[in-house]
Amino acid sequence: MNLLDLRLMSSLSRDDVANLARLARIEMSDEELVNLSTEFTVILEAVARVQEVAGADVEPTSHPLPLRNVFRPDVVTPSLTPEEALSGAPASEDNRFRVPQILGEEA
Amino acid sequence: MIRKSAAEMATALASGEISSVALVQAHFDRIASVDKQVHAFLYLDTEGALAQAARIDAKRAKGEKLSPLAGVPLALKDVMVQKGIPTTCGSKILEGWRPPYDSTVVANLKKNDIVILGKTNMDEFAMGSSTENSAYGPTHNPWDLTRIPGGSGGGSAAALAAFEAPLAIGTDTGGSIRQPAAVTGTVGVKPTYGGVSRYGLVAFSSSLDQAGPCARTVLDAALLHEAIAGHDPRDATSINAPVPPVVQAAKNGDVKGMKIGVVKQLNGDGYQAGVRSRFEESLELLAMAGAQIIEVSCPNFEYALAAYYLIAPSECSSNLARFDAMRYGIRIGDGDGASAESVMNLTRAVGFGREVKRRIILGTYALSSGYYDAYYGSAQKVRTLITQDFTNAFTKVDVLVSPTCPTTAFKIGEKANDPLAMYLNDIATIPVNLAGIGGMSLPCGLAPEDGLPVGFQMMAPAMQDQRMYSVGASLEAALLSKWGAPLLSKAPALGGAK
Amino acid sequence: MSLTYDDVILKYEPVLGLEVHVELNTHSKMFCGCSTIFGGEPNTQTCPVCLGMPGALPVVNEKAIESTILIGLALNCSIAPFSRFARKNYFYPDMPKNFQISQFDEPICVNGFVDIEIETDEGNKKFRIEIERVHMEEDTGKSLHVGGVTGRIHGADYSLLDYNRAGIPLVEIVTKIVPGTGKYAPEVAKAYVAEIRDILRSLKVSDVKMEQGSLRCDANVSLRIIGSDVLGTRSETKNVNSLRSIERAVRGEMIRHAELLNNGQRVVQETRHFQEDTGLTRSGRSKEQAEDYRYFPEPDLVPVAPDAAWIEKLRTTLPERPSIHRKRLQEQWAVPDKEMAAMINADVLDIVEATVVLGADPTKARSWWLGEISRVANEREVAIVDLEITPSDVAEIVALVKAGDLTDKLARQVIEGILNGEGKPAEVIAKRGIKVVNDNSALMAAIEKACAAQPETAEKVRSGHLPAAGALIGAVMKATGGQADAAKVRELLLAHLGQS
């Protein structure tokens, strides 16, 4: 990605925001989309500063501590009861979570 | 009694001067009289707390050996899961959810017989610096009810400042323990990342979140720190090493021969005059106590805010995906052949507030294909550079210091429509989270221009948390002898009674 | 119009890509301590972690890591000195966190290969299938669709979710593209999955039960015109769950693609579902926009960095490669190729071997398992390992027959009893009162003949003068050519003459 692309992308159109909202599963009104698009112009300009010093020679840090190989033994521990598991469910049936019809690919 | 420190309360409990039930009841009475004004609490577990206090009193009567803080009450930030007690994270989306399990912090509190009074208010999912982003209304700063108590842990800090609890639990992702402590005149500590288990802490940004103690004195914070810290096999990022000797450090409070570094980039332009003068005064006190004050430069800190506002939203966009109306929380738009997808879309639209949505969208963008390297990837590199700045600085000094925040508490509503101005509050606290090291804020006086508290921040290398407690305790003692009384005694009276 | 397979391969060359998903057989889930036992009551094997509850955190199961490294080693992969888990973000109700913990650009094993051999009209042919990566991930929950057409997602009124399977450790084995299989593509695909299954079984890291879904395959197929080096558009047929279906799915997709291409239409890059009844694939619901999974390193888990000592220790536990093992057994047992193939096809090789290890003669063991017992398994439509009979039962029966304590005919009754749940061999023999009758008729005939030839001697013995029996025994021994057991003859003779 070159710098020109980055500058171009320092703003997001209403449609860009709409696409992100779809990915994030948040219904948004037209007004919200437009507002966010305006706000992002300012915010993205500020956060894009990270690119000024993020050279190819710098290793990224994903974890603040240099821990490695943290595992648990393969031992079964008690589960919740189905009542506990389902205690917060908006709807349930036969000890299963009841959810609205799933439109999408069959898994 | 409610104005005493937790350590003093513990002594009174141990000597039989007061029972835990009476102490807890006194705090509930105080809450009843002032929380209408402050709004620090979202939920009070009156019955549970009093029952727990009674059990502790009974144990004490039987002569059982109890932990140092046994019977002392505490306020729990509503981001921490407690079995059977509503946990909302300040969000509408979790309204009514009662978790079926205890967080490790709560389990440790219970093990230490610390009495949990209830859950405190916060910015929704810990996103904010003012507690204005709570779906349940803002918390007010006990120093000036028209002002913010900081955030995201404004409820916990305000509860301490209003004497509604002597101890509180906070969580700090970019300053959510330290900044509220600073603006309310209380003590807040963000331990080294991995020092306190995150199991049961509802995640905002997993690689930055850290729970820690909030208190009115350095020693109280240290006692609570020891009670909640330690390795937890249920958190893979938890450090498997002994807890740093923070209580000992807080009791000794010795800075003789210590090298204290003033971070050049976290002072000066943009910092309120009164904040700077109180900070300078504190440095003088530390020098008089025998510390050597040195200026150090951390050039990459100027990129910290930008990196933070990419990393935290990115991780939050993923962490908050689970709030989808399928398994827990509210569900909007079900029925009439609605699909799961539309129910998710509507529930998240209604259930999340504006700031949370803003950050989810920003994070979704920063992680999306084609932009990952430019945003999230670059931010992770800045994180490396900031860690290197700290590492370099700690070769020269033992502890780094700065003002905790650039300004004192601002007015409720003042920055609500300017996200960037709001984000700037965290400019001095964020580098600590990015590097995973420890940070503490200590009240260091009132800004002359507005009479509001100023925070003094100390930062120590990973797993050297005791160093902050040494400096904090030393400065606290020097300030106390200068003031003659704790800072909070100067706060205005609340409610009807004193 | 409909093309034949021969038409397709005249013009096109298939290019394969195979992804095998394996459920590991750890006791507990990938990131929490919930049990992995198959078939539990709904949501009885769940906890805050695998339900994705707010605040819960994953911790990696060490056994799952070891199993994955073992798989990598068995598939000739390099084990990455540093690998990380990543979050794959997308919303789906059967996935509690709305992200799957998986591995993205840093898988645990890379660059391996598997050699396979198939029988063809032109003799046996060998192929090397290159492995791109072996990575770990977690399984999702299961949904039950209610209303509409039973069990189908489309048209359902609502769905019911059970998260017992959510968080079961999965390993995904991904090949590089597999060119050059020509007309044998369907057989190669089948043989590859069979070989992977055998390797996994020998490693004891998975139950590899395709019918229960613990091993499933996604087959990517594309066609290119012979001689061209431009790859065609691929389709991905999901969750094919038997060896036979893999072969059929690849063949079917080749024909479907060729028909589209011949008609000047284009192949759509999409997910397809294999239908067992028709042998055809059906289009998955195509998405309006491509999914963007927004992978990033899982911040709740620290990197996996196995050191050389750990890897070498695991390497020493690797069993013999199944193909080599099979060759060795065939030599040791002196089994003809055809019989060997029959055992492999009937999936009885392991069980025959176990029986032989317990002392049974290989030929006898093979004939019982492949014959009588396989027949019953087929009748009952169950896997042979799920029958009541065990290798030790068969070994015991073979030994009884050898000792002359059972005839083949009686042995068959004993096996029948075991298969009917009547117990172990001794119990069945006792319960059914199976009399172990030795075949003494020839001996008795010789004894009677000897007595008839020497009536006085016989009378002496009958009257109690036992030493006289020697002459009669000698005559019987002579008559049977010295093959009879003299002690047995004496016993029978004395009994015959009323002296026992």
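Just so it is clear, A, B and C label the chains in written order, and each chain counts residues from 1 on its own.
Operating definition for what follows: a contact is a pair of C-beta atoms (placed from the backbone, for glycine too) under 8 Å apart; a residue touches a chain by one contact, two chains touch by 3 or more.
Note that the structure is predicted; figures quoted are calculated from it, not measured.
Between the interfaces A-B and A-C, more contacting C-beta pairs are found at A-B. When chain centres are taken as C-alpha averages, the shortest distance to the whole-protein C-alpha average belongs to A.
Computed from the mean C-alpha positions, the centre of chain B lies at a distance of 56 Å from the centre of chain C. For this pair, chain A with chain B, the centres built from the Cα atoms lie 24 Å apart. The geometric centre of chain A is 40 Å away from that of chain C, both derived from CA atoms. Multi-chain contact residues of chain B (touching two or more other chains): 97, 99-101, 207, 233, 236-237, 317, 321, 324, 326-328, 337, 340-341, 344, 364, 368.
Looking at chain C, one finds that residues 47-48, 51, 59-60, 91, 93, 157, 159, 161, 292, 294, 296, 299, 301-302 touch two or more other chains.
Residue positions 23, 25, 62-63, 65, 67, 70, 72, 80, 85, 97, 99-104 of chain A each touch two or more of the other chains.
Per the touch definition, chain A reaches chain B in the complex via residues 1, 5-6, 9, 12, 16-17, 20-21, 23-28, 32, 36, 39-40, 42-43, 46-55, 58-65, 67, 70, 72, 80, 84-85, 87-91, 97, 99-104. Taken in their complex, chain B has these residues touching chain A: 97-101, 193-194, 207-208, 233, 236-237, 239, 300, 303, 305-307, 309-310, 317, 321, 324-331, 334, 337-346, 348-349, 352, 357-358, 360-362, 364-366, 368, 370-371, 373-375, 377-385, 387, 419-420, 434-436, 462.
Chain contact summary for the complex, chain C toward chain B: residues 47-48, 51-60, 87, 89, 91, 93, 96-99, 157, 159, 161, 292-296, 299-302. Of all the residues in chain B, the ones that touch chain C in their complex are 80-81, 87, 89, 94, 97, 99-101, 103, 198-203, 205-207, 233-237, 314-315, 317-318, 321-324, 326-328, 337, 340-341, 344, 364, 367-369, 372, 376. By the touch criterion given at the top, residues 26-28, 32-35, 41-48, 51, 59-65, 84, 91-94, 140, 143-145, 153, 156-163, 271, 273, 284-285, 287, 289, 292, 294, 296-297, 299, 301-306 of chain C touch chain A in their complex.
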